[in-house]
Each structure stands twice: as C-alpha cells, then as structure tokens.
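In the two complexes below, chain A is the common chain; its partner is chain B in one and chain C in the other.
After this line comes the complex of A and B, so read on.
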C-alpha cells in the first residue's frame, strides 16, 4: 500500500473511493437484500441478521430461472460466435483485397452502427413473424449475427498483421481460406478472444429485441424474465433482488476472472 | 482487383510473372464471398428495414397481417409534428442528453485529471470497481435502483431521513422522474468514461508538461493550456456518444420502471416509437417518428464528424 497522506493523496484516493463506492454499493445492496429473510427485508444493516436462501428458492419455484439462464447462455454464445465468424471473413476481405466498392462497403458497414434499432424494429418484427422466429433463440441471434464493431475491430487487428507472413504463405500456394484459418486466426487469438467476450456480454445484456420477440417465460432470456417477474411481483424485494443477482451472476463471474482484459477491450471498441 | 503490395515485393525478385499468374487465378468474386455473410445480415436486418420504415411512414397500418398499409401521404408527419405528446418526448430527449453530459463527460474528465498521479496497487482495484456498472445488465440496474430509490424503504431515502430530509418520490414526482432515469443511465457510464479519459490523459507526452513546468506554469495552467486541448478529441468523442446514444440507453429504464410516466415526464422519442409500434399498434406513426429521429441524429452525426476533423487538425 502506498497511500501517501499528503493532502493531494487524500484528495486523489478520496475521489476514487467515492466513485468506487457509487459503483459497487448498489450492487452489494442488491446481493445483501437477496439474502435477507422475508421478515427482515427492510433492515438497513450492512449484513443480514440472518442469512437465508429463501428468496432464491422462491425465484426457482416462481419462474423457470434455470431455463432462462440456459436460453440466455445459448443466445449469447451463438451471437458471439456468429459475430466473430462473420467479422473474420469480412475483415479479411477488406484488408486482403483492394477491389471496386471496397471503400463503399466498409462505410456501409460502419454506418449501420448509426441506425437506431427502434427505427427498424417494425419491419424486423414483421419479418420475424413471417419466418416463424417469434419466441425462438434463432430469432434473437439472427439480426445480431454480424456487427459493425466486430468487423472494424478485426480490420484494425489484421491491418497490423505482418504482411511478410502472409506473403510467405502465398508463395507456398496457400489459398485464402487456408491463410485465414491457419495463419491469421492462430495469430489473432488475443483480439478474437476479447471480441468474443465483449460480444457475449453485450448479447447477454441485450434487452430491446428480446422484449419484442419473446412473449413466454419458458422461451425468455433472463433480461426479459426479470422484467416480467418485476411486473408480476411488484414490490417483493427479496425475490426480485435474488432474481436480479442470478441474472447478473454470469457476467460478473466472467468479469471477476477477466476484468483487466474486459476493461481493455471495452475501451478499444467504444460504447455501443 | 489488385494485390499491389504483394506484387511490389515480388517484382524486384523477378517473380512478376508468377505474381501475374496468381492475379489471373483470383476471381473478382472472392472478396464478395467473404463479405457475403456480413452484408446479407446488414441488408436484411438494418438497411432493408430502414427503407421499409421510410415507406411505412407514408402509410397507416395497425400491424395486423390481414390488413394492408393504407397510403396517407404526408399525413403522419403533419399529425405527429403537431402532437403535444411527441413534442414533449422530443424535448425530453434533449433533457436526457443534457442531463447525461455531466455524468458521462464532465465528472469523468474532472476525476481523471484529479487522479492522474495515482499509482500503485490501489489503482487497479479502483479501475476494476468503477467499471462494474458498465457490465451489469441494464434491466438489473433498473431493478436495483428501483429498490434503492424506493420511497418508503429504499436505502437512499433511509439515508436522507437520517439527515432529517423528508422521503423523496424519485419515480412518481413528474419534476424528478426524468432526472432519476438520467442518473441510472449515467451511473452505468461514469466509471467507463473516467477510464477512457485516464487512458487518453496518460498518453500525453510528459515532455510537454516538463517544459511547461520549467517555464513556471501552474498546474491549472498546464491543465487548461495543455491537457484539455490534447484531450479534446476524447472529449468530443464522448460528447458525441452521449448525444447520439444517450437517449437510446435510457429506454430500458423507462420501459421497465416508469412506462413513460408520470404524465409522460420520462418518455423520450425512442420510448414513444416503441409505444406507437407495440402498445397502440400504429405502425405508421412509429415509422414516422423513427424516420424523423434518424434524420435528426444523422445530421448531428455529420456535424460531429466535421467538428472532430477540426479538432484533430488543431491537434497537429
């Protein structure tokens, strides 16, 4: 610990401690509330007088929580994998070839980021209905199977990839598909992994599209399940906090392990 | 179709013929094949629906598959522009952005500069902690702030009561509800913006700062004349993100907590689009609001583009 007790040091640490508390106290309070017994839900103590998992039991009885967590996991994994794959091939095309329309395509991909989802939602909803995608995980994944930020992130990574390596491979008559998979992919493991984690977290937290597409608890992702649970249970704070804790547990667990890399990749890729 | 860098490296080695051989083998459709998955998805789920929405905005349709959209010309635009509900939502959209700016830009910038000399093990702990709200699912943020700001038992009101302040109805008071929504949206962003500013701040060449100190500049002068100008691209970027996306980020909280109320005070344009589309089933109105919003934000994006070009110039 190197806290210097100069006025400047106190100000610096004080500011950071205040900001840290603002960030985590609400989340801690959620967890603590979820562990309180029904009779002690309005206690204002830092730790429950009696720790109980009753609220969690209640949640698992009241809503298909495990099923929803599984649905969300499948949806988020599929979205992440799809974004990595579509991003890879698109970025390869944009960095390996110079072709007519290449610039325009890149601009078109980048600009897609500016179109708010609310503007395209009705045609998308109608199309999904026609394709029978309501209440399905496929329907949740498809519109997000390609993402501008994935393409642009990988374009950047591939631009800085040493050309000589690819040229050597081309001398060996390696085709583009082989170059992509046997040379570029193994060497881009780090950006690919961070893109995957980022896409997984974003997909896990996605709210708007599932809100339109999912009408049944059994098919719901956990975000929508939580919203439905909240409108049913209103002020059942204990069970609500337990459900909210469960809904955020997977991303918090990933964050606990990979926090440094996650912060890094979020900062590289922008906010949306 | 060329592969210029490859040919350039090969020709000095006398391998030009071989290179040309490669070039002939390469089909011009190859890059399009690699782009196809991405382009298909973007066209089917973003660009085509965008065009469809523009078309829908000139029609009246209740979204029933049995009914067909009825063309109404510019009627929707005329009606909506005169609608008090839309004017209120548009105004609220501005307030959302204005309210978010201190949380997503001003405070983080201030904190980043104030804590720039922070070193040691605590630094990483703070970094990890202040980033947490960013990865928490938005609906979880909605649920937990609804509890923390609960009028009767919420932690915040308990705290206020020990200070002798009467309980505040954060969600039910029409004068306050919008700012509550802004706070929840901003709570998620604050730490993240701080980290972005800190990162930008730490890339400033210490040589500049040394030189200024040698010349006897005070810390405030250094901040004002060196740091802030060098940070201006990042400041502009975060202002742009807040303006373009701030109101969209609030959607979850409006939808899950207040449903636009009380008295429409927390509704914004993105919420209204959803309401027209999926609560009152007036697809035409929703599409019209969507097109107007898209044009407005598109123009704003262009303005920011122009501004950022100026800022980078100024940097050189």
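After this line comes the complex of A and C, so read on.
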C-alpha cells in the first residue's frame, strides 16, 4: 500500500497534530511533574531524572483526598442527574404543551442563563443556612439542580424529534409520561449523555459555592483540596500536580465510557 | 478575579444594606458552661505545616480549656474576608478571625471587630507585657487595638550565593544599599545567564508590604490621613529608583506571577520578599544552590522602615460568653508558646522577643536556624503597614499598586503615572468631614 501526501492533507494533519499536542502536553506535564522529587520540581526535562510517588503519599497524608473525591463524585453525579431530569421535564412541557405565556417562560429561562451564579451566591447561602443545609451535599446540589442550559439544549433536541412518532403514540392511547420515558428518552440518548457529562464536569469543577457552604475538611470537595496546595507563600507544585492528576481521573473515566454518545450528539447538532 | 470581586461585592453590599451588626455587650468574667467559638484562619486552608501547626495549637488550647470548643474554618487569605462577611450576613456570627493587615480599618469600622481596650480592659495591658511595642502598633486604629499581630513578617532579601560567585561577586558581602543592589544586578545580568534583582512588590501575589517598605525607607508615605501621598516626593522617588534599576538591566525581566518559582528554580540572584517563604526556599535550595538571607536594602545611610506582611487576629463575637472564649483563644494564640510554634513551624516572627533567647522556647531553634536573624533585627525598625479607609479601600490599594507597577515596568514617566493614579484614587477615599 502506498501513502500519498498532498499539500492540503499535510496541512490538515499538521494542524490536527499541533492542536492535539496543545491539548495533551499540559496533561503530560502535570503527570510528569507529579512524579518529580521535591528537589527536582523545577527541572525542565520531559521525564524526571528520578521518579517518585512521594507527592501522592503526601497528598493522601495532608488532606482527606479519598473522602473529597467521593464527596465530589456524589455531588457532581447528583447535580448532573438533577439537571438532566429537570431539563427533560421542562423541555417536554415547553415543546409538547401549548399554554399561555409559554414563550415568555422560555425567554425567562434563557435570560436566567446570563446571570452568573456568583450574583445569587450570597442569597443562596443565607437561604441554605436558614434551611440547615450547611456542610451538606444536598446544600451543594440544590441551587444547581435546574439549569437554563439543560432546558434549552433539550428543547432544541425535542423540537427536532419527529412529531409523527409522538402522534402515533397518542393514537395508541399513550400518556405524556409514557411518551416521554418510552419514546422520547430512548431516542435522545446522545444529547442526554452529553448534557450529563457537561453537567458532571461543571459540578466537578465547582469551587466558590463549596468554599462558602462547607466548613469541615471531611465534607469538602476536591477543588477545595487542590486549592490547599496553593497559597500566597508559594505553591506546592509536586503535591498540587499529584492531586490534580487524581482529580482528573474520574472525569476522564466517565468521558471514556460515554465518548461515543457525546461525539454523536455534537456531530448531529453540527449537521443541523 | 471577576468571580472573587463578585463574591466580595455581593457580601459587602449585604453588610452595608443594614443587615447590621448588633451592639457589643460586656464580656463575661469567666466561662462556666461549655461554649463553642469559630476560628476563621487562612492557615487552615493550606495543606501541610501551616495547617498542622495551627491545628496543634487549637488542640492544645481545647485541652487547656475543656469548656471551650473551637470550630476551625479555613478559607484562602484572599477570600477569608468574603467568607466572614457572608457568615455575618447569614447570621453565623464569627468569633475570632485571622485577617490580613490591609483589612484592618475595614474590620475596625465596618466589620464590627471589638476594640480590645474596651473588651478586655486591664487584661489587655497584662497580656501585652513583653510584646514588641512596634508590633502592637500594627493592629491599632484611632489609638485603639483591634487586631493582635498573629502571623507576620518583614521583607528580607534572599540571595543565591552561587549566582553571586558566577558573576564575580563576593557572596560574603551582599548588597546593603540600593546602589549596591544595582551594581550587583548589572554584574549578574552581564556575567551570567541568570537574573539580577526582583522585588516581590508587584504582580498577582500580594506584595504591597514590600512596596510600602521601600517607599517608607525613603521617607515616603502612601497616605496621610485621608489624603493619598503615594505620588509625592519620597514615595515617588523610591518608585523612580526601581524604574532606574529596571532601565539599567539590574532588575530581572521575569514573569511577575512567577517570582517565587524563579528564585526557587535557582535563576534569580536577589529577591526581596516576605520571610514567610524562607522555609519553602530553604527546601528548594537544598542540593541545588546555596542561599543566604540579608536585611532589606537601604537608601544610602537612611535607616530602613520594614513594614509587615501577614495577619492579625480580631474578636468579632457579640455574645458576652462567646467574647470571653474568643478573648481566651486570642490570648493563647499570641502567647509565648504559640509564637514559638508560629516561628519554628510556620516561619513567621514572634511578637514576643524575650522568647528568642529563652531555652524553654525559641533559643535552640534560632541557633539552629540563623537565617531568621536579619528578620529579627528588622523588628526594631518595624513600621506599621498603612491600610486604607472607607468602603473602596481595596480599590484604592489596587489603583496604587497598578500605578506603581506601570511606573516601574512601563515606558511612561514614573512621576506622571503615579500622579495621575493618585488623582483618580483620591476620588474614592472618604472625605475628612
């Protein structure tokens, strides 16, 4: 077999290789730095002169890392599930039911997307305190249980769903609940999966809300743990990179499991 | 940065909206029933020695005071004020808080910190015996003590002796004046592949105390009352001196956000910054380069006026019993035992100098760690860091810092840059009426 090189192909592949390296090199550097000894942390070599797992040992010793990872996993999973469920039911109502003010409701939801969470954070904190939700996963999840992005994404997905299929189900006496769960959801697996992953990653990376709501280290999430290796008096680069590597693994695992659905979803929305 | 500003603004707006602070009551004479107090500390928000040493002190305090339970609450130093504000708004009144010195006037006037003369009366004088008078001055506003210096230090100059040798300089006679710093910086720049001098005064890492130390060592002040003076003679001349260092090549052309890493990597000859990083630099230098620590440089024969980085403790409790517990905690955290822990394990200065030569406390440690000496000697000339007043105090400080950065690192005339910024910032200062 002969491989033919055309200038256009070389340019395209060259660009893709460059973009891939831009994405991969920081991750490799993070892992490599996490394996460097304290005395060699500023080495500029591609591989440490001496490989050590001391930074990982230090991380588990200095902060309750496993506990933090578990808290973050529970919080991010609950947030993602809540956003998918609230988004799904809201999108169904907005696309299938005609009611007065329906468009205004949708516009309001879209507008709420423009309000950053930081603006409502202090009122949310006051409310959470009064509800006794300090130091709880429920308190972390509740303000993010519904998201405008989730509703709008699923509204778009449902609008492109063939109306005839739903009409046929209606003629078979299927109720709204059955139509939603037995007909629409199985066919929207790709956008639901991509929404779930995006919501999970967003919740996983949340920093300020947990910083405000959580007081005890054992109840904290992993982003707070990462911050603990950074201070005005200097960063502990080795442990920070080790903790960041550990914090990346669950997100990477979830992406690997669901990557087919995510790519399919993005490709479909691109074709539209 | 935007997030942080939004967080601070939101919390501050609610505090100012009049959700308000209840008036103080008379502190209880003693504690007769179990009580819990909260302790907000940024050392608790770090992993490693700072956190461990703080928790060790809190555990000892609870052991010595079985009726008092301390609930530790950690938040990073640049977010701890927002955290305290948010908790006041939410009705979770903080009891003791460790806040940085720039928040001093705000804590006294707007956050409801207790004046210790009013709270503890004679007990304050009793507790202050043996403390460095200059150090006590750090936490005073309008003649009253609101904060007790807790973890604080002064700017010292870290020297990479290997770079000095390579540049043909004698590391045993490090620069003592700015003229000598300039000469050494130029020699390093010309004769080696390393950088000369850098002051940790600018960039995203808080270095205002370094800038203020340089300014005050030249007889300048950044404000007099509510009038800003950072563009006036002594202050502006000090900044112009730094600009001259930069124009001469003595000033390191490095990323201002990575000055500590540049020194730790062994690529910077002289670095003026807080002694609080000494432990971390010693670890980085081990096996890589030889490090020395000397006093901050002076303007000719003028004595230096090193000011302080770090933090003070404030009592914020409103309940009389909580106030007693908070005061007991504050006394414990500024005791001989606590300063011994703070100096030997965290790296800050002791406010009680009598423990330095006391074998029960710091004597052995100081003998084993002579690099702390220049910092201890600077305590004699310790000059209080100048905080700004009014609700826009952080904005004013940032404008001053940005102007000084532009004056040193930019191309425009430094005097004009400072003057223009001072005129703008003055509009945000409270009026004298």
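We take it that the second predicted complex is superposed on the first by the 218 of 272 C-alpha atoms of A that agree within 3 Å, B and C clash if a C-alpha of one lies under 4 Å from a C-alpha of the other, contacts with A are read in each partner's own complex, and residues count from 1 in each chain.
Going forward, a contact is a pair of C-beta atoms (placed from the backbone, for glycine too) under 8 Å apart; a residue touches a chain by one contact, two chains touch by 3 or more.
Being a predicted model, the structure only gives us computed values, none of them experimental.
In the overlay built on the shared chain, the residue A:95 is in contact with neither chain B nor chain C.
Residue contacts after overlaying the shared chain place A:248 against chain B, while chain C stays out of touching range. With both structures placed on the common chain, the touch criterion links A:215 to chain C but leaves chain B unconnected.
By the touch criterion defined above, A:11 lies against chain B but remains apart from chain C after alignment on the C-alpha atoms of chain A.
When the shared chain is aligned, chain B comes close enough to touch A:85, but chain C does not.
When the two complexes are overlaid on their common chain A, residue A:223 makes contact with chain B while staying clear of chain C.
Look at A:267: by the touch rule set out above, it reaches chain B but stays clear of chain C.
Taking chain B and chain C in turn and counting the residues of chain A each one touches, the greater count comes from B. In the superposition on chain A, contact of A:27 is made with chain B only, not with chain C.
Of the two partner chains placed around the shared chain by superposition, chain B and chain C are both touched by A:121. Chain A residues in contact with chain B (one complex) as well as with chain C (other complex) are 41-42, 116, 118-119, 121-122, 125-126, 129, 208, 211-212, 227, 230, 235, 237. The residues of chain A lying in touch with chain B in their complex are 1-3, 8, 11-13, 15-17, 19-20, 22-24, 26-27, 29-30, 33, 41-42, 44, 85-87, 89-90, 92-94, 96-100, 102, 105, 108-109, 112, 114-127, 129, 142-143, 145-146, 148, 151, 163, 167, 170, 176, 201, 204-205, 207-208, 211-212, 222-223, 226-227, 230, 235, 237, 240-241, 243-244, 247-248, 251-252, 255, 259-260, 262-263, 266-267, 270-272.
Within the complex formed with chain C, the residues of chain A that make contact are 38-39, 41-42, 59, 62-63, 116, 118-119, 121-122, 125-126, 129-130, 134, 208, 211-212, 215, 217, 225, 227-237, 239. On chain B, the positions that touch chain A within their shared complex are 1-6, 9, 22, 28, 30-35, 37-39, 41-42, 44-50, 52-53, 56, 63, 65, 111, 114-115, 117-122, 124-140, 142-148, 150, 153, 155, 158, 187, 189-192, 194-196, 199, 241, 244-245, 248, 251-252, 255-256, 270, 273-274, 277-278, 283, 286-287, 290-291, 293-294, 297-298, 301. The touching residues of chain C, counted against chain A in their complex, run 3, 6-7, 10-11, 14, 42, 45-48, 50-51, 71, 73-79, 83, 86, 89-92, 205-206, 260-261, 264-266, 274, 276-277, 280, 283-284, 286-288, 347.
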